[in-house]
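Some structures are shown below for you to check.
Below, subunit A partners subunit B and then partners subunit C, in two separate complexes.
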Partner chain A sequence: MSAVARTTVAAAPPATVPGAGGRRLPRTLHPVAWWVWALALATAVSRTANPLLLFLVLAVLGYVVTARRTEAPWARGFKYYLYLALTVVAIRVVFRAVFATGITPHDHFLFSLPHLPTPDWYAGIRIGGPVSLEALLSSATDGLRLACMMCCIGAANTLANPKRALRVLPGALYELGVAVTVAISVAPQLVQSVQRVARAKRLRAARAHGTKALRGIVVPVLEDALERSLRLAAAMDSRGYGRAGTATRRSRRVTGALMLLGMCGLCAGAYGLLDATAPAFLGLPAMSAGAALCVAGLRLGGRRVTRTRYRPDPWSLPEWAVAGSGVLSAVLLFANLGYDPAQLNPSFYPLTWPGLPLVPTAAILLAGTAGSVAPPPTPAPAPAFARRATTP
Partner chain B sequence: MRGGRLLRMLAALGLTSAAVAATGTPAAAAPQPMGRCTSTSGAVLAVDFSHWGGPVLRSCGTTPTTGYELLNQGGWSTTGTGHDGPAFICRIGYSGFQRGRQYPTPAQDDCVLTPPASAYWSYWHADPGARDWTYSQLGAMLYKPKPGSVDLWIFGGTDIQGTEGRPKVTPDQLRAHNTRPQGDAGKPASTHKAPTLPPDADTGPAPERRTPPPSKTVSPQQKQGPRTSEKPKAPKPSKSPTGKPSTPAPAASRTGTRVVNAEPAADAEHDAGSLLPVATGAGLVVLIGGAAGYVAYRRRRAG
Partner chain C sequence: MSTPTGTRTGTAIRLPPRAGVVMALAAFLGLVAFFWPFVVAPGTFGANYAPPLIFGALLVLVLCVVLSEIAEGGIDSKALAMLGVLSAVNAALRPLGAGTAGIETVFFVLVLAGRVYGPGFGFVLGCTSLFASALITGGVGPWMPYQMFGCAFVGMLAGFLPRASGRREVLMLAGYGSLSGFLFGFLLNLSFWPFSLDPNSSIAYLPGLPFTEQWHRYVAFDLATSLGWDTGRAITNFVCVLLAGPAVLTTFRRAARKARFRAPARFAARRD
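Then we have the complex of A and B:
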């Protein structure tokens, strides 16, 4: 009796009190919390073109990803998003230099590209010509903004488990979700398959180069993929995938019609909201009608699928904190309170050092607290305390 | 390695092309007092600030020039967008109007992306003798105003058909009507010259050579007083189907279009900002990056 009490007392504090030198139980955060956090941060980034703030966002993303990623295959891809970001910036700068946007007498002249003369009726577009430092800097900042938004999405992909994220789909989309899960696990499985075949070939001392060696790898990998998909199909079939359940033909038709109409409404609404000259009823009314139809269709379709959930992801305090820190930073960047909005978008014409407005900086650092608020996904690297707690 | 060589080759190509290309004649555009513009020489620049409760400001510049240069001399200044560069005129300011504040303000438009077609500075020309405005087919950096023409910038929206957002003032209200330069004819006009352009700067198609008519053949209509348009006049709707010559009617004034001459002024002082925020930001980035590196190191050691 006393031993049980002692162990619960010893084990409970590390799980609930993160501060007092204890370590929280490792678990993965709810994937939706990571997605809300990352999308909110991307929204905040869309508001600013201040290179200091953008670099700060990149640093925060890097910190949170290194601190809270798992060791799963999808969790190792953040550096590829960084390469992609670098490519985006480079493309933006090259395009700005080639399709010259004009140089003013006050600019800092850097170099000149060969100028392609265009006929008079095409005089609005210039190719080549002088390139100024200001043009390169402002295009790099512009590219950096897009790159930052892409890295936010990349961070969400790295941090959240895509298979668990698909679980939160409404019941009507369950079958679609399963298909997507199968699709996204194809690439890691192929890589695994190639590595296995290559290793087997090495063990048999077969030729490792040339077209023959390639054939020796491709054929077994394809065979492996086909076998695996047949097994998967049999497994899904035996679990009742794709069954219509108790739904009648009429209810299925109604569901389909509702979803189609709802999608049309959403498309028309998006068009009406983006085009200022579109008639007023195409804007918000069409959007909300489409959304309502979609929700009704999903409800109706979800009624025929009954699913139980094995070990549902909890949504508790860390989830609220992570999602809230992201949303709060986006709100602070859009609120225009306590700082000059011009500082969010500094101009490089004429060259000026960008400022560091206090409130947006604090907002981005606040989003960075997700790196310590979220529970660690793997057991802590320093096992001293854990050993003491678990072996009394 | 290969990238570096490519970069060097590109740089060499650029430098040679810069050296080989014939350098255009440096633009000698200069701001002038309004009286120096006549019906056949100089280009009149007019900017309509009525969207912010201001007047239509009018000033004068020498030709040859570009629409952009007219807007960036003698106290005028513009801001481009982050997406399109300085050639897209997003904000316009004059040091004599609201202490050089540029409009639209950052709160109204952040000038990061191209402004919407419903709220932007539209660019209109009126050649000498033209009674109506034409919408500019070229950007401010490419268009070269003819001597004696008027350039007008108005803020608002336009549509593709050209029925909306046309200027409410007529070219005749803004045009210089004197036949010879007024005022300080003896001394050089102004010292606020635009710096010379860098080599190989593309200044667009050459302006049309126009032989100025001798001053004797000036029509009597143009022989009005030099500053008649300073008084508010009835703005004639420019969409009048019968293109009658606009007879200046000094009475019948309408509120809203005040035409005020903007004399050449010194450019607003440019403040390059302080290095402290940059240092602070770089320090923060290094700090967080270092934390990330430390976490990665610990993970690698543990795993």
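Then we have the complex of A and C:
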């Protein structure tokens, strides 16, 4: 069903496709806006362990993802993040029950696991013993918080277009960006290559089994891939790869000095974190100074190459709205205004049903408006992708 | 023909001395970022969530600096295209292994390519493979810097292995592949151990414990969660390299001879 729908959309020219959101033209939102939104929401989540609020966050994420994701391969991953979230909660609860630390007299006793003795030299690890309701609930809600944060990241992965996100890389990492772009566009061709080799083998009626068969596939595919890389390099050379930027000999030297100093600062900072007797300025201050020097070095190092930008992504009202809604919800959850902060982290002693405080609920729903303020995604990424993949 | 000198001439990305220094500093920072639960002074950090994120951001910065310094020496377009294509191979191989009894297929190409094309290439390939695979499968997240850092050093150290040829070389690479797979799992586990468990569990990270008790807790956690996976990964790495290693090494060396890597020429206006 969906495949049929996709092909009909693909067949139509983009201009006549009506936007799913009515009058607004479909376009992709700036990937950084999605990442800001998701990371802000994850920050907001880190503030609360109220299961009702956490489920609300999951609902909001589900709504936004279903409303604004595309058909691209990376946009199918959200359900795996949900499985991962379930696993996280399960691992936390099971490990809390098995590697127990005993119960207090105030706890509700649930069941008891057989106690396994550990050797004396392995003291401190307890296996088995009584398990209380409070222990399980607290580990489940805490796990749910972690799971929610992971789902926020999953939503960003699903919604943001990674190919466009690569453009944000600083100029100093130009080569890395090129290599990754090549990798992303070559990966589908490898599948074709494998199929071609397998077909050729069948036509020759090759009957090799086991390791010989593996070698018969692996070596031709690798040869093909390496051959392709040489052709690609020739194409890059002829199109001006390696054109020098505006960096002078002196600015290169300054870049190197900044990087080395910055790394030394980072190392000093790390050392300060390890040694409690080290002077205080060696800890986080040295680390942030080192980080600042490194960032300056990276910026200066970016002059090595000049880059032009083909069809830059705009940052306009929808981007501000999406990023702003996320940041605003985080700010509201951290501001402690208009609600009791204790409601964000309900206590387990005594065991009560958690309340749903008004302001945090409104803040999380506000983040959910991203699903409607973001423009609808552009349909038909498939034909453009296929066309690019077949050009040598 | 795998002549002993073949390993030398295949070096695809030359490491300038400055990059070497930066890499040594990065290795120290990486050790701290992975082993902080055992060595950090008590009371330095507040929440258990904070240090993994701080060190994750630190690793991103460190990786950026190292990669920028490696690229400063100039990356040949052929080396770059080969990086891209081999990262695509790795990214395509990675989902094959994920989830099936700890089979890890990334290290196979990474170790062999690091051996043939040199430590600089191995380092960058470790980063680009994981980055590309995360972008394709939608797996970008705070765990990525740790994985990239681990893989980068696996690829780099493969380039620093001593000279050998024939069966001894394949055996050495297979051993290295399985050992690195094991160590990789152990370190990655360590990167999420501090926050993945309920703090009241008796194998969870507890700030301020003496080294031996903390170590006992971690080993118990590693045994309970992933030792089986890591063992599976080590065995598959060993078998893969042993079976397909010789053929793949020959293929890589042939490509290296064909490509004839060199640092790109740079034209300066005038020396002053």
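The working rule: the second predicted complex is superposed on the first by the 243 of 392 C-alpha atoms of A that agree within 3 Å, B and C clash if a C-alpha of one lies under 4 Å from a C-alpha of the other, contacts with A are read in each partner's own complex, and residues count from 1 in each chain.
One rule holds for everything that comes next: a residue touches a chain if its C-beta (ideal position, glycine included) is under 8 Å from a C-beta of that chain, and two chains touch if they have at least 3 such contacts.
Since this is a predicted model, take the numbers as computed values, not measurements.
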Would you sort A:Pro285 into first (subunit B), second (subunit C), both or neither based on which partner it touches?
neither
Output check: A:Gly324 vs subunit B and subunit C. Expected answer is one of first, second, both, neither. What do you get?
neither
So, does A:Leu273 touch the first partner subunit B, the second partner subunit C, both, or neither?
second
Considering only the touch criterion stated at the top, classify A:Leu113 as touching first (subunit B), second (subunit C), both, or neither.
first
Going by the contact rule set out at the top, does A:Thr66 touch subunit B (first), subunit C (second), both, or neither?
first
Regarding the shared-chain residue A:Thr141, is it in contact with subunit B (first), subunit C (second), both, or neither?
first
Just to be sure I read the superposition right, which of the two partners does A:Cys264 touch: subunit B = first, subunit C = second, or both, or neither?
second
Which partner chains sit in contact with A:Asn336 here, subunit B, subunit C, both or neither? Use first/second/both/neither.
first
Just checking: does A:Val178 make contact with subunit B only, subunit C only, both, or neither of them? Give me first, second, both or neither.
second
Superposition-derived comparison: subunit B or subunit C, residues of subunit A touched
C
Set of subunit A residues, in rising order, touched by both subunit B and subunit C:
96, 100-101, 123-124, 126, 135, 138, 142, 276
Interfacial residue positions of subunit B with respect to subunit A in the complex
11, 13-15, 17-18, 21, 27, 68-69, 72, 79-80, 82-88, 106-107, 110-112, 116-118, 137-139, 141-142, 159, 194-202, 204-205, 270-275, 277-278, 280-282, 284-285, 288-289, 291-293, 295-296, 298-299, 301-303
The subunit A residues in contact with subunit B across the complex are 49, 52-53, 55-56, 58-60, 62-63, 65-67, 71, 96, 100-107, 109, 111-115, 120, 123-124, 126, 129-132, 134-135, 138, 141-142, 276-277, 336, 340-342, 344-345, 347, 349-356, 361, 365, 368, 378, 381-382
Under the stated contact criterion, what part of subunit A meets subunit C in this complex?
46, 73-78, 88, 91-92, 95-96, 99-101, 122-127, 135, 138-139, 142-143, 146, 150, 153-154, 156-158, 162-163, 165-166, 170, 172-176, 178-184, 186-187, 189-191, 211, 214-215, 218-219, 221-223, 225-230, 232-233, 236-237, 241-242, 244, 249, 252, 255-256, 259-260, 262-264, 266-267, 270, 273-276, 283, 287, 291, 294-295, 297-298, 301, 304
So in the complex, which bits of subunit C are touching subunit A?
18, 21-22, 25-26, 28-29, 32, 36, 39-44, 49, 58, 61-62, 64-65, 67-69, 71-72, 74-78, 80-89, 91-92, 124, 127-129, 131-132, 135-142, 195-198, 200-204, 213, 216-217, 220, 224-225, 243-244, 247-248, 251-252, 255, 258-259, 264, 266-268, 271-272
